[in-house]
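The first chain written gets the first letter, and so on, giving A, B and C; residue counts start at 1 in each chain.
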């Protein structure tokens, strides 16, 4: 799932999406969230309002990744990112690689 | 096709997309529109401004589905939904299932 | 890649996406940008603010296409479009055809 929106309603919607996927498929679904551009706030210590959900979903196997290109473009340090998140070099490259491996793509936001 | 926007220009754009697909492929294309989140207005009796198009497209085989999770989250009754629409339990689950069956994904909106 | 946004930050983000794909895969990646709806400004002479990047990417094989249905809907002439761009009859039809040929889909914007 791709998130590039800074809209906190989009963040809430993303959490609802994950909740619904987990309710349907439980541990048999693999979910990776990749944030980039203005969406990076979801995984920033000072900006996220979804930390409890993220911690809970991470404990259930959901992966949250930050785009390192976005960090560089916006001069955001890795220390600003919540420890529950991982990193990918480029969000768009990650999304393409995963689709080529057969993953399904969902773009979050409105 | 996924719609999660409340923007009526996005609704109009979605109708144009369907018109263009039908103009190209006629009855040989299967189209399903899944609305969720703020996009639900497109299929609400009191909010839609595209009812004529929806009725016409439905008569030509286009399927319009509402996310039941969105209904629950927003305390919207099924009676508020236009009779031309059907229901799916979760928009995101429906979109993933259809992609896994080989359907092509288009995210509407801007 | 699909662009339907008039937001110049989305245009800049799209250019960053292409830059990152080219940095990762060089000439071995095929990239086509299809603009429609409000996204058409990216490829209009009087509206684009990304012409240098577009010229550079085009020289490296990236394809930029405009939706002719959008031109007709908005009464925009082909002369208003930058000469680096090509045309497709319908953006949504082009995106579906490319996905059916195995291309990966990325929706730009937030």
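Going forward, contacts are C-beta pairs under 8 Å (C-beta built on N, C-alpha and C of every residue); 3 or more make two chains touch, one makes a residue touch a chain.
For clarity, every value in this text was computed on a predicted model and none was experimentally measured.
Superposition on CA atoms relates subunit A and subunit C by a rotation of 120 degrees, given as a multiple of 5.
Homomeric contact subunit A/subunit B is classed as different-residue, with under half of its interface positions used by both copies. Distance from the subunit A centre to the subunit B centre is 25 Å, each centre being the mean of its Cα atoms. Multi-chain contact residues, meaning those touching two or more other chains, occur in subunit A at positions 105, 107, 109.
Per the touch definition, subunit C reaches subunit A in the complex via residues 9, 13, 16-17, 20-21, 23-25, 104-107, 109-110. Those residues of subunit A that touch subunit C in the shared complex are 2, 4-7, 37-39, 69, 73, 89-90, 92-93, 95-96, 99-100, 105, 107, 109.
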